[in-house]
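We just call them A, B, C and D in the order they show up, numbering each chain from 1.
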Amino acid sequence: MLNTLIIGASGYTGAELAKMVHVHPHLALAGLYVSANSVDAHKPISELHGQLKGIVDMPLQPLTDPAEIATQADIVLLATAHEVSHDLAPVFLAAGCQVFDLSGAFRVQGDDFYPQYYGFSHQHPQWLDHAVYGLAEWNGAAIAQAQLIAVPGCYPTASQLALKPLIEQGLLDGSMLPVINAVSGVSGAGRKASMTNSFCEVSLQAYGIFSHRHQPEIASHLGQDVIFTPHLGNFKRGILATITAKLAPGVTAAHVADAMQNAYPTSADPHAVRLLGEQAAKLQNVVNTCFCDIGWKIQQEHIILTSAIDNLLKGASSQAMQCINIRNGFPQLTALV
Amino acid sequence: MLNTLIIGASGYTGAELAKMVHVHPHLALAGLYVSANSVDAHKPISELHGQLKGIVDMPLQPLTDPAEIATQADIVLLATAHEVSHDLAPVFLAAGCQVFDLSGAFRVQGDDFYPQYYGFSHQHPQWLDHAVYGLAEWNGAAIAQAQLIAVPGCYPTASQLALKPLIEQGLLDGSMLPVINAVSGVSGAGRKASMTNSFCEVSLQAYGIFSHRHQPEIASHLGQDVIFTPHLGNFKRGILATITAKLAPGVTAAHVADAMQNAYPTSADPHAVRLLGEQAAKLQNVVNTCFCDIGWKIQQEHIILTSAIDNLLKGASSQAMQCINIRNGFPQLTALV
Amino acid sequence: MLNTLIIGASGYTGAELAKMVHVHPHLALAGLYVSANSVDAHKPISELHGQLKGIVDMPLQPLTDPAEIATQADIVLLATAHEVSHDLAPVFLAAGCQVFDLSGAFRVQGDDFYPQYYGFSHQHPQWLDHAVYGLAEWNGAAIAQAQLIAVPGCYPTASQLALKPLIEQGLLDGSMLPVINAVSGVSGAGRKASMTNSFCEVSLQAYGIFSHRHQPEIASHLGQDVIFTPHLGNFKRGILATITAKLAPGVTAAHVADAMQNAYPTSADPHAVRLLGEQAAKLQNVVNTCFCDIGWKIQQEHIILTSAIDNLLKGASSQAMQCINIRNGFPQLTALV
Amino acid sequence: MLNTLIIGASGYTGAELAKMVHVHPHLALAGLYVSANSVDAHKPISELHGQLKGIVDMPLQPLTDPAEIATQADIVLLATAHEVSHDLAPVFLAAGCQVFDLSGAFRVQGDDFYPQYYGFSHQHPQWLDHAVYGLAEWNGAAIAQAQLIAVPGCYPTASQLALKPLIEQGLLDGSMLPVINAVSGVSGAGRKASMTNSFCEVSLQAYGIFSHRHQPEIASHLGQDVIFTPHLGNFKRGILATITAKLAPGVTAAHVADAMQNAYPTSADPHAVRLLGEQAAKLQNVVNTCFCDIGWKIQQEHIILTSAIDNLLKGASSQAMQCINIRNGFPQLTALV
């Protein structure tokens, strides 16, 4: 049994992780932590997340000395703010823990990125260099060897899983940037009180146009610039991305289907992508699951792809668990289906 | 044209009032006010309430000197917190304005009530004595003469309009307290950020069991104790109250129907109650309308009534407007249908 | 491994059952069936219920010869219409199968009940006599011995689990009937197209006032008449029941707490009831779980209880699975948490 | 007062029209009609649309002899199916009525269009030639002279109002087709029972990819091919269109702002478009209003526009009323704000 810590366990993602670790046959939930001054410190996690009552009632401990708890841990899940992950990851790494960071702190290489998009200068370039981007279906070999895994963002997961097979096979025409329109449930904004998340204020709208930090994350890992427009939807969970792109001359439906099948083959160790062919992805088929559903349709030189995930699961916690499984040699959907 | 001020215009009720005053043929919107230190001061109301853009774009002015603006006003609508209404109403009353207070500050007679339920001691017992409770279909004669009208709360409006015809006619059996279960939309909690109102946290549940301040408001104006259990529902607007009561021996369906018809007769000056007979009230038929729909069904000695309103309209702003209309001799649904 | 059939597998409950059987360590999913003339016959279940894709893709077979398939089955789950269950159960029982019926066909003893509430005369009084009512936390001993288990209705489960501890201990005052107000998600009406379930028509309202078939089911199994008013809510899953009752003279909060703790004790074989004490039950804490959350509050002689379940799980499929587990000696929440 | 008929008055659009005509100072509601064999014939419209109770209770008459009722009518609103409008319009036109058709029967010129997209061959090419496309802010001069006005579809209204100012001014680069992603509320599918509209089945998803009939409507009236992907959203009313396009070389933000201001100028006769500048359109600001809100943002050569309407109002009934007002010399938002 691998001792597993969850740091930042008060949020929606933390609660999902707690339940997954609890049911995992090879992981032991060794501790739930929140920041030292959190109002939630010492409360049982099930007081904040009532659905866990009777399942995981462990208290949220204040994180006062990360170096000390690191000595007892095999695996550390950071469900913390970007700056917090940036500071904490090296502490746990130094102690030899496997670190799975769900923030953006180690996702993208490059100097200019962090000040502009995250508002801080990165102080750990060596770890940034060694971090492996945890897009589970694509980076499995590297994940299996890594000590620091940067679990991808929610929008980037939905977007890349749909586009990457086409880009890797050179099927897209460079004359048009792929246009990604995505709608996310409100849980994507985290567990907190704000006017934006206030029930009566939530109503479908775009936000972060041309300025969302997930645009460079998507573009850098695809190796392809994209136009990305996120939207807030009137639902709690899930992301649906609708992607419009132009196919390179001569590309046929068969080429696309082959690229998809080859990227996401049926396997003895099943992954989390479900190919729908010409059927459109539908949000409720993936909510509360670890899956990404991908459908696509072609007309002449244009393709429209739809890609749906649960933002808290495949967009965060279940992808982290998939990475843990890959890293430690367990079937990758252990504790997930 | 009567000069009309709205104090506390940044909230959901304030926005509804602003639109009603704007379309009213005999009222002039003379000013929108927020508290002097509000972050919303000087913003156009349509910046907070985008649906008003192009209709009412008047700025929200900081309320620095109520006594001064009182001199220019005929009518003052207080859509303010209870304590604020308590302090402001006498200022406007002293200047001779008609005051329509949408808070609880002047709704209930009695010494013990305010400290226990509202957390303050009432300093204006003389105005409390003179305040008329603005339940429009019942207190029209008194409203027409009053200077201070205390507009009823949302739950009390839905509850009383259904029960009052039976109680006034002595049709209920005293051996069982009427049981009022009501579900309100989230807008009932006002326009603000809180964990309770946070989109992902909202989910049907009871609250304020045995302790909600609307219980004594209902009981005191009905002259009948009641068991009242409010619930938060996963919708923005509307209240549905389901009321179970016991009929006095010998009371028949015909007695009940007569009581309802007599209480809410067809009239040359139409009121806002719609009787549904045995049909159950349905929320979406009243949302965005000024109406209260009431249905009822009898089995042996029990009766179940359903009563639905828009909490922001008949439960607040449109009832206030109905009172303004009654007070000033206009058809009572002017600016409402 | 026990061979398990699901009859009526196209509905929402059928889909939940299919997934549970699939993950159960001691059950083998031996077949999914729909009525012989169903438009869904031969489709994979995951075509109707996209969330099952890649998990359970087994086809829905037309049920042409129940007697034949009965010979291969150990356990049969009937997620069928009342009349269909009424006709099918004896066929499977005759073959020696354990039958878990999720319809109302075997839930209530008594001659008059079926014609009045279900529209048919019962033809199998001997099976009706032998059927055990599958309220898992209460009838475990009988369930463990039964061949035919009538899984309770959704509203009756939420209602009885809250009231039964009080009634069994004689804590209620007979002078007032318990008043049960309950709100159900739309999935309670089943998977079908109707104006009632049409998205734009759904809006909170009471229905079946004084006439719902779950009233006599509740009353007969409680041994106590009740007033039951169901409502349709604007959400997909879940039931919240709010129950108002009168305590017998001398009953204290401690008596109530004791009755609850004794009825639902902590146990080495955990059950599915979670006691919340004075906290109110909240829908989203139980949706997608097998739990029933129960809270209560007392003021003088009145008590208000709130009880929440997922109508498709504890109100149907997970309670059926709990019965299967009890019947076959497995921990009762196997495949459920 | 102009006698006004509504044909197809049982649907959601019909109900909105009935209320608008009722409150219009220069229109008299002369009759509500449904098809001769409708199950709703003879019912009061308020029985189907409870929100109209006490406002419009007129019965829905079976339409048995259109030619006869045409003789009494000045204005006819066709809220009927495409084929029905196609057949009825000429009857009312022959009688000299002004006809405002809300279906697609007269919206697009061209031989191939109707069989391919609507499934019938057009039999009235002469009326098709004379029909004026009722995009109110753009075709006012023609609408003012027309006898047959084809009121635009919902998606085309939201899409064209945003794109047309740019296209008319030649601001777009032809090398990239504008990409329109739009999400519609479920009421867009009409008032009927279907699995697609069933409450539990509704969940955000794309549909009609590359095949929706509104694509050629948009393209033909813009004079510009577009990629249009409609989505079904989990809400009752409203459409949000997010449009990505490429600006022609040299086009600046100032050019775009000028084009918008010139297309939708402040006017003594206010129109229904509200320009938001860099702010994104939000659904709830337009729902239950006659407005189209348009925002836009530019980054280098790309522009993203957001455009929001109420699909039943600006996307259908209120645009029809705007056309009636323009045609008859009334202020264009009469009965709408």
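One rule holds in what follows: a residue touches a chain if its C-beta (ideal position, glycine included) is under 8 Å from a C-beta of that chain, and two chains touch if they have at least 3 such contacts.
Just so we're clear, the structure is a prediction, and the values are computed from it rather than from any experiment.
Peer 1: Considering B-C alongside C-D, which chain pair is linked by more C-beta pairs in contact?
Peer 2: Comparing C-D with B-C, the pair joined by more C-beta contacts is B-C.
Peer 1: What chain is the most remote from chain A, judged by the mean position of CA atoms in each chain?
Peer 2: B
Peer 1: How many Å are there between the centre of chain A and the centre of chain C, using C-alpha atoms for each centre?
Peer 2: Between these chains, centre-to-centre, one finds 36 Å.
Peer 1: Centroid of chain C to centroid of chain D, CA atoms only: how many Å?
Peer 2: 46
Peer 1: What's the distance between the Cα centroids of chain B and chain C, rounded to whole Å?
Peer 2: 40
Peer 1: For chain B, which residues are shared contacts with two or more other chains?
Peer 2: Touching at least two other chains: 282, 284-285, 287.
Peer 1: Quick check: in the complex, which residue numbers of chain C touch chain A?
Peer 2: 23, 50-51, 53-55, 270, 274, 282, 284-289, 291, 293, 337
Peer 1: Going by the contact rule set out above, which residues of chain C touch chain B in the complex?
Peer 2: So the residues of chain C in touch with chain B come to 175-177, 179, 181, 183, 203-207, 209-210, 227, 229, 231, 233-235, 238, 240, 242, 244, 280-285, 287, 297, 299, 302, 304, 306, 308.
Peer 1: Quick one: which bits of chain B touch chain A in the complex? Just the residue numbers, please.
Peer 2: Interface residues on the chain B side: 12, 186-187, 191-195, 197-200, 202, 236.
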